[in-house]
Amino acid sequence: MIEFFRTLQFIIENGIIVITLFIFGSYVALAVFSALSMLQYIRKNSYIDYKVLLSSPLAPSISVIAPAYNEGKTIIDNIRSLMSLHYNDFEVIIVNDGSKDDTMEKVIKAYDLEPMNFIYEQKVATEPIRAIYKSRNKAFKKLVVIDKENGGKADALNAGINFSQMEYISVVDVDSVLVEDALLIMSKPFLEETKRKIIASGGVIRIANSCKIEEGRITEVKLPKKFVPRVQVLEYTRSFLMGRMAWSKLNGLLLVSGAFGMFNREIVLKVGGYNTNLVGEDMELIVRMRRYMSEQKEKYRVIYIPDPLCWTEVPASLKVLGRQRDRWTRGNMESLFMHFKLFFNPKYKTLGLLGHPYWFFFEWFAPIMEFIGIIYFIIIAILGIPNWPFFFLLLGVIYFFAVTLSHWAILFEELSFHRYTRKREVVTMLFTAMLEPIFYHPFILMFSIRGNFKYFIGEKTWGSMDRVGFSEEEKEEDDDENNEQIITERGQVA
Amino acid sequence: MILSGKKIFFAILTTLLIQMTFNVKMSSAEALSVISEKPVMQLISAGAGNTLFLLINESETLAVSGHEVSQSVWQRIRTIYLESPLKVKVLLVILVYLLISLFVLFLVIIINRQIKTIRRKRERILKQEYQEQLADFLFNDEVETIEFRGINTRKNRQIFIDELRFLHSNLYGETASKLRDLYFNLELHNDSLRKVYHKRWHTKSKGFQEVAQMDVKDANDYIAGFANSKNSIIRVEAQVAMVKLSDEEPLAFLNELTWELSDWEMINIYDTLIYHQINIDSFEAWLDSENYSVVVFALRMIMLFKHVQTIPRVKQLLFHEQPEIRLAATKALKPMDSAEYIPELKQLYRDESYRLQEILREFEENEKDKKPGLIEARSLEDILPREIRYEIIESLTTIASADEIPFMAEVARDSHNSVKIRMLALHIIASLGQEGNHKLDELSEDADTTLNNMIINVKQNPES
Amino acid sequence: MAKILVCEDDFMMIKAIEHKLQREGYQVEVANDGRSASEKIKSEDFDLIITDLLMPFTGGLEIINLTRNELSKSTPIIVLSKVGNEETIIEAFKLGADDYLTKPFSPNELSIRVKRFLLKR
């Protein structure tokens, strides 16, 4: 009996140390790769004049799709912001996902909209479309508003994708504020590659809390005043500048944030659009697209752009943050388990050997392991036999590692696209980094565990989704149904 | 400072990485069970008051209590370290390392921020000054030249060059020439040439841009050498520079290009041609290039410059083996507005339709269930044939005559075709006068719901 | 002395245009973005407006619309923009612009056109 516990103890203790150090090591490796990747990007683009895309007839066409639900308060500014993007051949598709408030009324009034007849194919099934609007005013030519029955974000995006006839689709959260050159900067990588097809690209998400936003435009960048959003600045910086940049270089990127991303529309359609049964539809689409390209034996890349192009508000309270984080956890799990075939599967090259396993262990499993470690320690503590010195040593190492990592992130930010220009802000960030592991991280851990819990006891979303990708289209393939998908006047289905 | 900051950064990062790897190896080789092992506590602690750690269990006396009080702190720490198990050693080392690097980082960040703020402010002031001086110089005849502050520093000269260049890029005519003269008078072309010959590629690229814009031809041969460089960034800058700087044959580099021309490169080359109003008589020579991307580029140029004289050759390319070239050729004919290539377009349409059928047949055989209506292959292969077919019908929009009505009717009727292409065909029919309308009515007679809806829509919206 | 409003977001360009026009003897007001441009147009009267198209907040096309259609002012409007594609040019004229110059432009040419428009009044 004692032997059993000794063995268990041995495994857990050493396991924790080994895994912890391994995790640290990988963070460092990722940081190094990210640094190199960012350096290359900055050097490459420091003197580029993106404006050449603005006036070129060879520039690709882009549909900016923004789903909207109950955004009545800010929708006018949001639309204005999107419409003022610097680009030539693009359209802004606002998809009203059955809002219950006055979103539609406001938009129709502000932009002088009238319903139009459009006939197009619904390649991906969505909730019924009520009407499609365009403006009578030629100054708003680029605006299209799709009014549909509620179906969720993924469903709304699919509706926009169906309507679009452009080469690329840019998926945005309607309340994200994009930098005016965002489309120019985002499209360049797609145009540069010749050997491999770029199927999607993601941009850095910056935190807009406390920033001055006027008429849908960031006029002043400020560090968030409240602690919770401020810590997220650190989190996002670490994640984006020290994580995703590396994965982009290694071509193992599994996630393009739903807040801002650009995709090759044909490929999105080939895989059947967004999956509407998930909470983490943005990640799952990327994984599915990558998987598709691997299966088709086509060379491809998913890239990441460190340029801060998108600013969005993040949860300012722990409660809202909690909901977001456990949703993210569930989203992660959905994608990871749905596509478990990729796990260490050499057929999928980087995606299978690095991308998926990394996400599996480090994004999903790490919090669980941490949790086990804590439980273990609590048990030990109750039994009154812990070796406190060692415990504090370990804790110290972990704490200072986390703080150092954050400092590196701040340095990255400083040396690259630093947008927080006030001296005091930097100092605030440094001190926030010191507080994060104590006052913030435990909550994040808790949210993650809660997410796991919800996933396992909640609705088993993946049960009904064994058939993925193309099979989705089977939903619409029926002689009669095919006709029903053609939209006629005022969205009345034939 | 940024440069040295980066060096420190990388130095620390590298050593950290090495240390990490080393430590991980050691740690996993270890096999001690540490927690709840009481003797270990003795080893860790060393004398009351001088310990870094606290004792938990008083019943254990310290094996190390024999040490004399007179030992220095440093020696005591060394003892603690040396007598600890490996695992603890590892963690202690890491901890110390982290504390040091944290401290260093903290300082680096603060100092860097300070320096940046100061520098930024200085630059802003300089910039404004230069802008004023440049604007004044341009329009004030009394001002012959500019003596700008800080002319002796490379960095300041660079700021000045950037402002001058920006202004120059927005102007043409007498004013632009004046700027160029100033640029030479102040010997700024030397700075640009220095960059051109620099070893770092991103500096070179900037240099290429500068000499190209300001028309400094001294380094033409040197730059031409990079138009086929492996480094795609240098390559595009060299190409664009050569287009501008070459006295004859601005596109000569296309003949030697062994790399695939990316869309970005094509966009930049075209932009340069337009911007500087460089005339190319004919792109026909490049239609025979072995580099297919060059052929595509030539076709796109023919399309944009509407070189009708090349139509015969373009027609031939409609049947090239590469689908990308076929597509580019189709698009190239679109703006030409001539009926002379209608037969070829229709032939290509049939060819592509056949190809599409083959692809879909293969797909159908592999798929269990058969789906009626529009079928899309699982693979990416059907994308180009579909696009080509659509472009063909679009080309025919402006040149179709009543003769084409039967052909269009077929396209509209075929339920395997996408809605997009069928609608287009219907629009074309509708635009062909009475005969067209008559055909539309004929079509509605035995049309299914889908087709009927499409016809109704077309009738209601004559211009799509 | 004629009053001209220049709507342009780049400082170097503003400086250049401002200097040129001031030398010619005009009074020049500057707006750095669409919002201040709108405010100025609403509150003051100008003899001529020169505007870029891509500006923060409100674009040039909207400014033209505002002046011509909403406020029904007959102030001559010259568009000065890097965007030079047919569609946009047509759009600008449709909305009410009087002239369209693409960048790169000649300050001398701009000056002559300005003179022409101001003479007409």
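A, B and C are the chain letters, set down in written order, and residue numbers restart from 1 in every chain.
Quick note on the criterion: a contact is a pair of C-beta atoms (placed from the backbone, for glycine too) under 8 Å apart; a residue touches a chain by one contact, two chains touch by 3 or more.
Small disclaimer: the values here were computed from a predicted structure and weren't measured.
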item: A-B against A-C, pair bridged by the larger set of C-beta contacts; value: A-B
item: Far-end chain from chain B, centres as C-alpha averages; value: C
item: Distance from chain C to chain B - Cα centre to Cα centre, in angstrom; value: 33
item: Centroid spacing, where centroids are CA-atom means, of chain A and chain B in whole angstrom; value: 21
item: Mean-CA-position distance for chain C and chain A (Å); value: 41
item: Multi-partner residues of chain A (each touching 2 or more other chains); value: 55, 57
item: Of all residues in chain C, the ones touching two or more other chains; value: 82
item: Residue list for chain B, restricted to those that touch at least two other chains; value: none
item: Contact footprint of chain A on chain C as seen in their complex; value: 35, 54, 56-59, 61-62, 65, 82-85, 88, 91, 94-95
item: Residue numbers on chain A that touch chain B, as the complex places them; value: 6, 9-10, 13-14, 17-18, 21-22, 24-25, 28-29, 31-32, 35, 43-44, 46-47, 52-53, 55-60, 117, 119-121, 123, 165, 188, 190-195, 266-267, 269-270, 296, 298, 380, 385-394, 396-397, 400-401, 403-404, 407-408, 410-411, 414-415, 418, 421, 423, 426-427, 430, 470, 473-474, 477, 479, 482-483, 486, 488-489, 494
item: Residues on chain A engaged by chain C in the complex (per definition of touch); value: 51, 54-55, 57, 84, 86, 88, 137-139, 141, 180, 214-215, 217
item: Contacting residues of chain B [partner chain A, same complex]; value: 2, 5-6, 9-10, 13-14, 16-17, 20-21, 23-24, 27-28, 30-31, 33-37, 40-41, 44-45, 52-56, 87-88, 91-92, 94-95, 98-99, 101-102, 105-106, 108-110, 112-114, 116-117, 120, 202, 205-206, 209, 232-233, 259-264, 266-268, 270-271, 293, 300, 304, 369, 371-374, 376, 378-380, 383, 418-420, 423, 448-450, 453-454, 456-457, 460-461
item: Residue ranges of chain C touching chain B (in the complex, touch as defined); value: 10-13, 15-16, 18-20, 23, 82, 103-109
